[in-house]
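Residue numbering begins at 1 within each chain, and the chains themselves are lettered A, B and C in the order written.
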Amino acid sequence: MKRFNIPLCTTLMLGVSTFALHAEPKTNMLHQWAQGSEAEAIAVLGETFEAQGGTWSQTAMSGHTSATLAKLRSDVVSGNAPAAVQLKGPEISEWTATGRTANLDDLATAEGWDDVVAPELLSVMKPEGNWVAAPMNIHRVNWLYSSKKMLDDMGIEVPKTWADFNAACDAIKEAGKTCIAHGAADWSDTTTFDSVVYGMDIDLYRRAFQEADVDAMRSQGMIDAFAQLRKMVGYMDEGINGRSWEQSMAMTMDGDAAFFLMGDWTVASANLAGYEEGVDYLCNQTPVDWGGTGYILNADSVVFFEQSDPDYIEGQELLAKIIMSPEFQVTFNVAKGSIPSRTDVDLSVGGFTDCQQQSQADLVAAVDEGTLVRSMAHNMTVLQKYRGAMMEVITEFVADDSITPEEAANQLADAVELQS
Amino acid sequence: MSLPASSGGLGRWLGDHIAQIVLIPTLLASFAYVVLFSVWTFWLSVSTSTMLPDPTFSGFGEYAALWQSKRWTVSFSNLFVFGTFYVIGAMVVGTLLAILIDQRVKFEAVWRTIFLYPLAISFIVTGTVWRWIFHPQTGVELALHDMGWISAQFDWITDRDLALYVVVITAIWHASGFAMALILAGLRSVDGDIVKAAQIDGASVPRTYARVILPTIWPIFLAVAVVLLQFAIKTYDLVVALTQGGPGVATTVPAIVVFDLMFERGQIAQGSAAAVMILVALGIVLIPYALYMRWRKRQEGGDHG
Amino acid sequence: MAETTHADFDALSTGSLRRRITAKAIVYALLTVFALFYLMPIVIILANTLRPLDDIVRTGFIAWPADPSLSHWAEAWSTFCIGGTCEGVSRYFKNSLAMAIPATIISTMLGLINGYILSKWRFRGADLLFGLITLGVFLPPQMTLLPWAWVLGNVGLSNTISGLILVHVVQGVSFTTLFCRNYFLAIPDDLIKAARIDGAGFWRIFRRIVLPLSPPIVIVAVIWQFTGIWNEFLFGTIFTSGDKQPITAAIVAFSGSGTGERHYNVEAAAVIMAALPPLFIYLVGGKYFVRGLTSGAVK
C-alpha cells in the first residue's frame, strides 16, 4: 500500500490545482417541477447545461410552493443558500431585501437583457435596480377553455362578457349539464376570482389585488365580484373538492363540462394528453365587461443566491445565459404552454400552438391598451402574507355557501389589515 | 447508589458517576432539542422575524394577529375536536378488537396482523388512498353508481361539516391496531382468578369485561392515550394528503398553519407564535397528567420509585 | 408472563352449546367486518397497480382489474421520471435504507443505555431528566425545522444523509428512552444489587443482565423507530437535495400538482414499494411487538 501513496498524493494535488485554476461550472437548481411536461422542460435545461461543460444537479420539490420555500429558507438558515431557485414575483424582492441574492448586472449588460426582456418583467427581475433573476417565461392566467363539443351541441358561442357567461351557464345548467369544471383549492379558487374581478372592473383589480388597498376590497365592486363568484360556484358540480386541476381539464375536453378557467399550462398538459386545440377545446380570454384585450400575467423565473465557491458562481452565469438564450426559451415554453420572456422570439416557428401565439398577440395588444396586469393568485403582486390571507377568504367563500358576498368582501379587507 | 465501589481515587469516582457520564451526550442533545428549540421558537414569536429569523424584540402582537385569523381559530378548535374523537375512537375500536381476538379465535396472528398493518403505512399514503376512497368521483360513490345505484351519495369529504370526521375515521384506521395491540397484551396479563370469581358470581361476558377486566388494565389506556395524543398534535401529512385542509379551511390543523406561516408566507414570527400555542395546548393536556402521575406515585408510597 | 393464568379463562366457554355457537359466530362476523374495512385500502392500492390508466380515470379507484398488467411495477421501480430523473423509486429506496437503518440502530442503542441508567442507576434529578427527554416526543416537527437547519449547517451536515440520521437519532432517543426505561423498571433491583455485590460494574451488568432481558423491547424500539423514520417526509424532503432524497419525497412528488396526467397505477406501485420495508418488519416482528409493548411502554 505504502508505495502508492506518493504518486497518489501528487495526482490528487495536481488534480486539485488544475481544478482551482479552471473553475468548473456547477449548479444545483431548486424548483417545484417534479413531473410531467414541466419536469421534461427542466430536464432540457439540465442537458443544455451539461452539454456546455457544466455539472448539473437539481432538487425538485413536487409542485407545492410551501415545500420549495421551506427548503430555501432552511438552506439559507443553514448557511448553504442554493445556487439557483425558482421563485417569483414579490418573493424575488423579499429575498433581495435580505441581501442574500447575487448580482447579475455584468452578465445582463454583456447579454443585453434590458433590451430584449418584456418590459413588464423588468421591475420584477430587478427589484432594487440590479438583476437578481432570469425570467423563463410569461404565462397567461386568464384563459377560458371551452368544450367545443358541448358548445356545438348546445348552440352556444364562447361568452365575451360575464353576463354572456352567466346566460350560457344558465342554459347549460337547464339542460342538466355541468357548466364549469373546477377543482377547489386555494390557488385555483383564487385563479378564478382573479379573472372575475379583473373582467368586471380592472381598476378595482389594480387597487385591491396589486396595491392591497383595503377600501377597494370593501367596495361595492368587490361585493359584486363575490356575488358573481357565488353564482359560478352554482354552475360547478358537486365534486369540486379534492379534484385536481388536470381532472377538471379532462372533464372539459371530454365534453363533460362546458368551461374551464385556468392558466396556459393547461395547453401543454392538454396537448400532451392528446387533446387537440380547435377540436376538443377552444381557448379564449376569460370574459371582460369593458370590451378590450385582457391579459393577466404570471412569470416563472430563477433567482440566484450569492455563492462563495467559484465553481458555483461560474455555474450561475452559465445557467442564466442558457435560460435567457432564445433556443432554451423556445424549447422550454413550447413544452410548458407559456410564451418566451424575450420579446424578440418568433412564435410562428418552433412548434408553438395557436393558443400560445394568441397569447403573445394579446400580450402586445394588452400592453398597447394599458390593460395588462399581473396575477395575484399566482403570486405576482402582493406579499405572500397578504396573498395567503386573501386566498383563505376566497377559498372559504367557495367552500361555504353561508358566507354572503358582503361578508366576504369585509373578511378580505380584515384579513389583509390584520397582516399589516 | 449506596453500594460501595471496588477501587479508589479517580477510578472510584468514575465508577460512581459512570451513569451520569454515559448519559451526558444524549442529555445534551435532548436538552438542546427540547429546551433550546422551544425557547428559540418562543423568542422568534415575540421578534420581528419575517423572511428569516431575526432576534429583534417586537412584542406579543403576532399572538393577537394569530387569534384574529379565522384559519387559526378553526384549526385550533379542530385540533381539540379531532384529538378527542381520534383518541377516544381509536381506543374504543382498539378495545373492541382486542376483546374479540381475546375470545380464543382461530388464526389469531392473522387477525392481529390485519388490524396492526396500517401503523406501518405512512400518513401520506394513508391520506392519499382514503381520499381516493372517500372522493365521490373516484371512490365508493362512483363504484356504487357504476353498480347501478345511481342515487347513492357518499360525499362526506366534500361536506365542510363532515370532512373533519373523514380525517378522524382515517386516523382511527391508522392507529386503532396499535391500541388493540396494547390492550390485547393487557387483557392477557389479567389474573384469571379475578375473572373466574366474577363468572361464578354470575356476571355476563360483556359485564365481566366492563366491570372486572378492563378496569384492572386502566394504566394501559392511559399509555395508549398519551401515544395517540402525540400523533394528534403532530397531525400534518395525513390532512395534507387527505383534504389539503379543505373544503375551505374546514379541516385545517395547527401544524399546517405553522408550516404555511413560517415557510410559504415568510411570517416566521407569527408561525412561531402558532407553534408556541401548540405547545400550550400540549401543556393543557400533559400537565394534569404529570401531576396525576406524581400524586399516584405518592399514594403508592414510592417503594419502587 | 401472566398469559398462562389468563388462558384458563375462556369467556365464551360457558352457557349452552347453542349460545356458545351463536356467540362465536358473532365474534367471527364482527372480526370479518372489521378486517374488510382494514384491508380495503391495501386491496385498492394493489388492484390499481395492475390496471391501465384510462380504466382508472374512467371508473375510479374502486374496481377490479379487468386486464391486469405488471408493467407498472417495473416502471415505478426503475424507469418512471420523478424530479427530472428517470430512475423510478429505486434510488430513493436505497437512500431511505441508508438513512433508516443506521438511525434506527443508533437511536435504539442509545435508548437502551439511557433506559438502563434512568431505571437502574437512578440519581437525583433522574425523573426530571426523563421527563425532559420524553417531552421531545411531542414537539411538532414544523417548529424544529429551522433550528435543525441551523444546527445541520453549523456542523456541516446540510443536505446529507448523515444529517438526517442525526436529526432522527436525537428525536428518536426520546421514544426509545421512554420505551426502554419503562421496560427495565420491571427487572428486579435485587438482581442488579446482587451483581454489584459480586463486583460487576456498570457495563458488565448491562451486558450480562440487562441486555439478555432486552430482546422484546429492542424489537418494539426497532419497529417503532424504523417505521417512523422510514415514513417521515418533512425532514426528508427539506434536509436533503438532489439525488439524496428519501422515498417519501418521491411519493410526495407523485402527488404534487404538476402538469401532465397523474400516473395513478405507477403511483400505486410506488406506494406499495415505499410501504414494503415497514410492512415486512411488522409481519416479522408483529408478535414480539405486542409482547414487548405489554412489558415496556405500558406502565
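Operating definition for what follows: a residue touches a chain if its C-beta (ideal position, glycine included) is under 8 Å from a C-beta of that chain, and two chains touch if they have at least 3 such contacts.
These numbers were taken from a predicted model, which means no experiment stands behind them.
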Contacting subunit A as well as subunit C are chains B
Dominant interface by pair count is B-C
With centres defined as the mean of Cα atoms, the chain at greatest distance from subunit B is chain A
Rounded to the nearest Å, the gap between Cα centres of subunit A and subunit C is 38
Note: subunit B sits from subunit A at a C-alpha centroid distance in Å of 38
Note: subunit C sits from subunit B at a C-alpha centroid distance in Å of 15
Each of the following residues of subunit B touches two or more other chains, namely 53, 137, 259, 262-263
Subunit C residues touching 2+ other chains are 145-146, 252, 255
For subunit A, residue numbers touching 2 or more other chains are 67, 70, 73, 77, 185
Within their complex, subunit C touches subunit B through residues 1-3, 5-12, 14, 23-24, 27-28, 30-31, 34-35, 37-42, 44-45, 59-63, 110, 113-114, 117-118, 121-123, 129, 131-133, 135-147, 151, 170-171, 173-174, 177, 185, 189, 193, 196-197, 199, 201-202, 227, 230-231, 233-234, 248, 251-252, 255, 271, 274-275, 278-279, 281-283, 286-287, 289-291, 293-294, 297-299
So, in the complex, the side of subunit A touching subunit C is made of residues 28, 30, 32-40, 42-43, 46, 57-64, 67, 70-71, 73-75, 77-80, 82, 185, 244-246, 250, 265, 268-269, 272-273, 336-337
Residue positions on subunit C within touch of subunit A in the complex are 57, 81-84, 145-146, 148-150, 152-154, 158-159, 237-243, 245, 249, 252-262
Touching subunit B in the complex, subunit A uses residues 65-67, 69-70, 73, 76-77, 91, 94-95, 97-98, 184-185, 238-243, 247, 383-385, 387-389, 392, 395-400, 411, 414-415, 418-419
As the complex stands, subunit B meets subunit A at residues 50-53, 65, 68-71, 131, 134-137, 155, 157-158, 160, 163, 243-244, 246-250, 259-260, 262-267
